[in-house]
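Mind having a look at this structure? Questions to follow.
Which chain is which? They are A, B, C and D, in the order written, and residues in each are numbered from 1.
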Amino acid sequence: MDSNYLKVEFPSLPENVSLSRVIVASFAAQLDFTLNELEEIRVATSEAVSNCVIHGYRESQGRILLELTIKDGELEIVITDYGCGIQDLDLAKTPTYSTDPERMGLGLVFMESFMNYLTLESEVGKGTRVTMRKRPERGTNHDGSKQ
Amino acid sequence: MDSNYLKVEFPSLPENVSLSRVIVASFAAQLDFTLNELEEIRVATSEAVSNCVIHGYRESQGRILLELTIKDGELEIVITDYGCGIQDLDLAKTPTYSTDPERMGLGLVFMESFMNYLTLESEVGKGTRVTMRKRPERGTNHDGSKQ
Amino acid sequence: MNIEINRSGSVLIVRIQGELDLSTAPLFREKVEAELEQFEGVKHLLLDLEETPFIDSSGLGVILGRFKHISQRGGRLSAINVSDHVRRIFELSGLLKIMSIQSTLEDALNSLKER
Amino acid sequence: MNIEINRSGSVLIVRIQGELDLSTAPLFREKVEAELEQFEGVKHLLLDLEETPFIDSSGLGVILGRFKHISQRGGRLSAINVSDHVRRIFELSGLLKIMSIQSTLEDALNSLKER
């Protein structure tokens, strides 16, 4: 698979979190990820989409954008909501920090540990975007070329 | 599941046909379809998306839109390409008619037999849109109300 | 997802059938809380994860919430049939500090009823 | 998808591992054609569909294409381990008129080698 993309839009319903995992895992399977890596991608996706539903839109409902790209043997996942946004990005990224007392504050920790690259962009009142990248471990040399 | 939607866009690569089946089947599973009905939905989707790839765009590459909606207990699938379009819709719908000698001309037959509703719209040089609907057999009375 | 609950003395055995995430976590919470309210003799929570292929931080959250509830009664938390992947999620989250993973139902029951 | 091919006398036994659709049909065509070219004694085609959960009209198309090839040699087409769903696809397409579905590999081999 040289290059491919998938753009998905859906409403912020809890039921769509599992759907987003299925979509990302099936798309990612076009690269040579191990089962374990696909599990990691599923968790990272689950966390990012759950955050849009719970934190981004809270009691209201809005749309979530899921943009997947395969380029140069790497998977990129961009997840966007148009919800409340994040006041303090550094605080949000702090492990176990959560604005919701029922939650563990581990979503961003999991995204960071399971993916090779993570950025979080947000504007209060406008929304939040997470960009994650991951490259299959096997079949790539350290210079990034295929074996 | 009261109502939900999923809008997907992807390039007309053969690899994306199986991806579209996975997406549609996972989304459809939010309604009370039997495994057999889900298989029928998978075939109908596969045929419609394959047609965009083979007939709509032929040697070139373009984008395919897959729009899924759940409303009033019914699944709607709309599949759109912006390819060459169809000259004669009645001819295209004729069983075993195909403009490709290697193909069987059964795609539209399968879509029609496996779904409750099918329309085909097309404009030459602009593209083609297939709209299909299906309602789970079990759990619905003949007046369409839930049991 | 489906939740199957059985009791063995002071232990509540909860079998999670399906993925534990944002959409299924509320069902887990409700079912387990209902049991804890009804049976005050129940102290310990034993999770059977044989049919649980996936847990994310929303799932961990409701597990931790139930742990907080039973620890007020002096109860403890165990899990059996944990897949490698779910074990790693437990590890990363620090949940292994409060949860013991056992190999068999018997081991788990014995260790929970010990004290 | 993967294609596993074995020969038993004049019969080519093709085991399709995975879904047969637009993206995998070319591999099926290439692999089977290569065998038919190399072994002119091969007349019949036996499809083992034990590991084939899905076939659509693109899949039927390449099967029919191979049937046309072997029928020039007087060969016939059989299938075993056909799921209910795939059987229905064969039925609807009319492919059952030219293909016999058998219960076991032995039955299929015997019936193909009969004449």
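Heads up, the rule we're going with is that a residue touches a chain if its C-beta (ideal position, glycine included) is under 8 Å from a C-beta of that chain, and two chains touch if they have at least 3 such contacts.
What you see is a predicted model, and the numbers here were worked out from it, not measured in a lab.
Separation of subunit A from subunit C in touch steps, taking the shortest path, is 1.
Among the other chains, the CA centroid farthest from that of subunit A is the one of D. Look at where the CA atoms of subunit A average out and do the same for subunit D: the two points lie 42 Å apart. Centre-to-centre separation between subunit C and subunit D, using Cα means, comes to 49 Å. Mean C-alpha position of subunit A lies 28 Å from that of subunit B. Looking at subunit B, residues 15, 18 sit in touch with two or more other chains.
In subunit C, no residue touches at least two other chains.
A complete list of chain pairs in contact reads A-B, A-C, B-D. Those residues of subunit B lying in contact with subunit D across their complex are 14-15, 17-18, 21, 36, 39, 42-43, 46-47, 50, 53-54, 102-104, 106-107, 109-110, 113. Those residues of subunit C whose C-beta lies close enough to touch subunit A in the complex are 19, 21-23, 54, 56-58, 60-61, 64-65, 84-85, 89, 92-93. For subunit B in complex with subunit A, the touching residues are 1, 4-11, 13, 15-16, 18-19, 22-23, 26-27, 30.
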